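What follows is a set of structures to go through.
Look at the two complexes coming up: subunit A is in both, with subunit B in one and subunit C in the other.
Our next item is the complex of A and B:
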């Protein structure tokens, strides 16, 4: 088990290094740079190129970034928040995004697994209904919800049926409803819910047909502990492997709902070619996803009922 | 006693009451609130609320003193002495003084600061504090209206250790100005709250401003209808009708100092031939292009009609298909069916525009149709800002471009039309125009400058390096609760101190 985890940890470090090299190369070869995105900055190009180390060759850029990184320096933002240390720019938004991701993951898991207990082994209309709702991309779902809630509420306000709610109008007001909406959309949209639901259904089918469940049934023992013990480890791994998709959905969702998490900042960093910021966010996200997967694997190894049997 | 109770209650409620803020939307929050590094319009606008210059614009857009109280230009026009207001304090309570003015000029001039505002102080040879409330400026050459160039914002000397200002200085999000509003918080949702500076030397009525970042431009108009914001800096043309019909919203037209054009790549065939350029220009039905995107004034050259430099003797170009056909024939083209051809090759062009330029797609598609109806094949591409600068500015890989130029009050077209101009990517070169622009740049006499620019306007229009299109009317939207609203066409909030909010 220690060897397996060691391999995973090495893979994790290599992934982070790969992320730095990949993002740095992409930004290096992409047309234009941060100076291009500033109006009237062409005259300052020589000075800014030197200050922002844009003139260096790719290997030197990667090497110097890794050197700074090894000393705990993520550098400073160039365009998004000029001169502000990257860590300062992303720390609070990252915490907000992490909360959102965690809540969305928990919601998608609990609803997906709950539904799978209900629909597994039966022809059920719920299955296509879940698929139809969940297949809608996150951005479309967010826009539809905002439009629907705002127009309906505004019409009711105009007709004096209701007073102005505290959350109105979305997405401008900082209200728990906006956060709840974001969590729900992220948990459902872009196939998240349907994937977890069908994964859970498949696992349940296998578990229920397995010998140990048959044996438990024959003994008249309760089935739930065995089912959960065999369901959760592979399900955790499946959810962990979906983590990157959740992060992808986060970028667009935060932008639409004005949540200003690291997803929205990554978008701005990419648009404005703010490479230290984009690299910082990529590293942080890759580290979070990697750690999540590592944790899920450790949990699976520790929890897997077959581990004892093999030993 | 019976009167005292309600009076007390009234007083208490008044104390508890918090004046409503004026919330306005920006596409993108200012990245830095330091006038030395402002590059975006959202930064220029917020600086207008927090900082002040020695001079500012009157509502008639003439320079009037702001932090300056009086100014005297020397007889030889090579220096000026400025007396400063004595009652001004910075937002931290420090008294404003001549040292702040001298520091600001030196900091902007310091190459280590790398300020995009450096060009605004290049003309000042020396700045010295004569006494705490008097500054003497010396110029490199005679200046006829130096106050027009002294609108840049003044920074607090006591906050910085050196004239080399760093972008990373904490001032970037905790700025101190002398203006009517002070930045109280830069919030997690990228909104910014500004509150009225109680010790402001002048008069300001609105208690609080709140900048809200709303990246989706399409949604901004909805938010003012829903009364979630009180001001919209720029209304999209397609939202004008909706807002016009809203009883709680008032539209304020203003003209920005910008004009649209279709530019030719003069280093490429067949656009290097003035007859072809003129023919293409005569094929364009400008009013038909303008109608779907809004209203505005047509222009015949590189200035807006309200500019003192605009030459009103130069007429705008009207569509003339017959004349266009004759010019193309003169240039060696023949109409072969529906297409103009020369040496068997069709007249086929590529037009590029910027992705983020509002309504540009509508104009390009209409223009494409107009050209194709006249036998000219046109392929359209839309580029993001980086691709635009590389492909158009650096590589000059294009036939036609649709774009616009925006200017500040100086309206210096040297960069666009001088053969050595840094933004002259079309390759336009005319020694006579170069001479006129050089002289206009060198002179500090406003009358001479006006005459030179008007001559340059006529010469440039004659050679048609581009099809000059229009200056578009811009509209701001404000809640009807806002009163006494006058909008500055460039910095928007210049006259905000006189605004009120019911």
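Our next item is the complex of A and C:
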């Protein structure tokens, strides 16, 4: 098991290294000079030419970035928080976004698995209903849910049924409901819930038809422990493979719901061309996605007795 | 459902191809006096907050994603197909290097990669299409690799080889065309839907198609009154986005069923 995990960890480091090369190459091959695109270009030029090693070749620029990265330096923000180290800009929002991401993943998993126990093996209207709602893109789901909540509340306020709630009108008022809405939309939208639901259904079908479940049934032993033990390891890996989609959805949702997270900052950095900040966040998301997958593989190795025996 | 999906997609492609022939002026159509007019003979889907005809804008907006969607598919084919085929056919070090490239690109969230490319190379439909195509290429390449690697040493390939079929013909005709065409179509449809989502999301957030030019995304980005007056400007583009995504899923499901049945 340790060997298998070591291989996965090495793969993670190599992938991260590749991501640095990729994003640095994107900047290197940009038409013209990357500094020209900045709003305060002439003022920043002398400092940035030295810091980014613009006159040097791509390998030297990559090496310089990696050297800074190894020392924990993601360089400094240019436009969003001029002069502030990127790491300081993103540390706290990254923690908030990680919580949102984790909550959405847990919600999608618990609802998806719960629904699959209910719908597996029978014709059920729930399946197409889950699919129809879940394929709606995250931005559209957010737009529709905000509209629905605001109009319904407004109608009830006009009819004197309720007083104006503290969160009205979304997304302008700061309230925990905004966060709850973000978690729900991220857990449902862009196919997240329907994919986890159908993946879980497929696994359940296989597990219920397997010999060890038949044997447990013949012994009169409870089936749930065996089912869960065989369902969760492959399901965790399947969910981890969706991690990148969750992160993409996070950027959109934080922008729409005005949440102060890493996604909203990335959006600002991209729109205002704050390259060090955008590159820093991109690499952080790549690391987060890689760690999520690594964690899922570790859990699979730990949970699945057959994998443990062969590793 | 697959045939309904095919019909819907052909309809969207047809509208996008023919709509430039129509004489609709996106600026001249503004008339605030008829804002939020309900559906009627003159305006079948009603009007938006600036009094513009929703149906015309819906039809015109199909151009915003159909062209870039097709370009993205071409870019994805150009990179994903040869790289995936080479990895599957040659295996060894070639496959290891190509698959490492795939892993690196797949490790970055696609939406973020496209956003970064738009930020660096300029916010243009061509950049959006190329970035989306390149970001999706590893997914296509990985699928092609797995299919070809699985079939490379199968009995039917050995039999063709014994009959003197050339290696090029084996790869191009028997593996890529014979065994991968439905897989390819499924992935290209997924990419088309991905590009629609990208384009509408970016336009909704103000980083894509800009007003007065219509996109289903920027048509959704306006403030409705809380009393819900004029619901059609919200429902019409939302339904259109859902229908196109659903159509791609229906066709993909049909292709997958056909593939498993074949």
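Following the convention adopted for this analysis, the second predicted complex is superposed on the first by the 271 of 311 C-alpha atoms of A that agree within 3 Å, B and C clash if a C-alpha of one lies under 4 Å from a C-alpha of the other, contacts with A are read in each partner's own complex, and residues count from 1 in each chain.
By definition in this document, contacts are C-beta pairs under 8 Å (C-beta built on N, C-alpha and C of every residue); 3 or more make two chains touch, one makes a residue touch a chain.
In this text the structure is predicted, and so the values were computed from the model without any measurement.
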{"item": "Partner chain in contact with A:9 - subunit B first, subunit C second, else both or neither", "value": "neither"}
{"item": "Partner chain in contact with A:252 - subunit B first, subunit C second, else both or neither", "value": "second"}
{"item": "Which of subunit B and subunit C A:216 touches, first, second, both or neither", "value": "neither"}
{"item": "A:286 touches, of subunit B and subunit C: first, second, both or neither?", "value": "second"}
{"item": "Subunit B versus subunit C as contact partner of A:66, first or second or both or neither", "value": "neither"}
{"item": "Partner chain(s) touched by A:232 [first = subunit B, second = subunit C, both, neither]", "value": "neither"}
{"item": "Partner with the higher number of touched subunit A residues, subunit C or subunit B", "value": "C"}
{"item": "Which superposed partner A:301 touches (first subunit B, second subunit C, both, neither)", "value": "neither"}
{"item": "First (subunit B), second (subunit C), both or neither touched by A:84", "value": "first"}
{"item": "Touching partner for A:92 - first (subunit B), second (subunit C), both, neither", "value": "first"}
{"item": "Intersection of subunit A interface sets (partners subunit B, subunit C)", "value": "30-31, 37, 150, 154, 169, 255-256, 273"}
{"item": "Contacting residues of subunit A [partner subunit C, same complex]", "value": "11, 14-16, 18-19, 21-23, 26-27, 30-31, 34, 37, 132, 135-140, 143-144, 147, 150-151, 153-155, 158, 169, 190, 244-245, 247-249, 251-252, 255-256, 266-267, 269-271, 273, 275, 278-279, 281-282, 285-286, 289-290"}
{"item": "Touching residues on subunit A, where the partner in the complex is subunit B", "value": "30-33, 36-44, 47-48, 51, 76-77, 79-85, 92-93, 96, 150, 154, 168-169, 172-174, 255-256, 258-260, 268, 273"}
{"item": "Residues of subunit B defined as touching subunit A within the complex", "value": "28, 31-32, 37, 39-40, 111, 114, 116, 118-119, 166-169, 172-173, 188-190, 212-216, 222-223, 225-226, 228-229, 384-387, 389-390, 422"}
{"item": "Interfacial residue positions of subunit C with respect to subunit A in the complex", "value": "100-101, 103-113, 115-121, 197, 200-201, 204-205, 207, 217, 220, 224, 226-228, 234, 238, 241-242, 245-246, 249"}
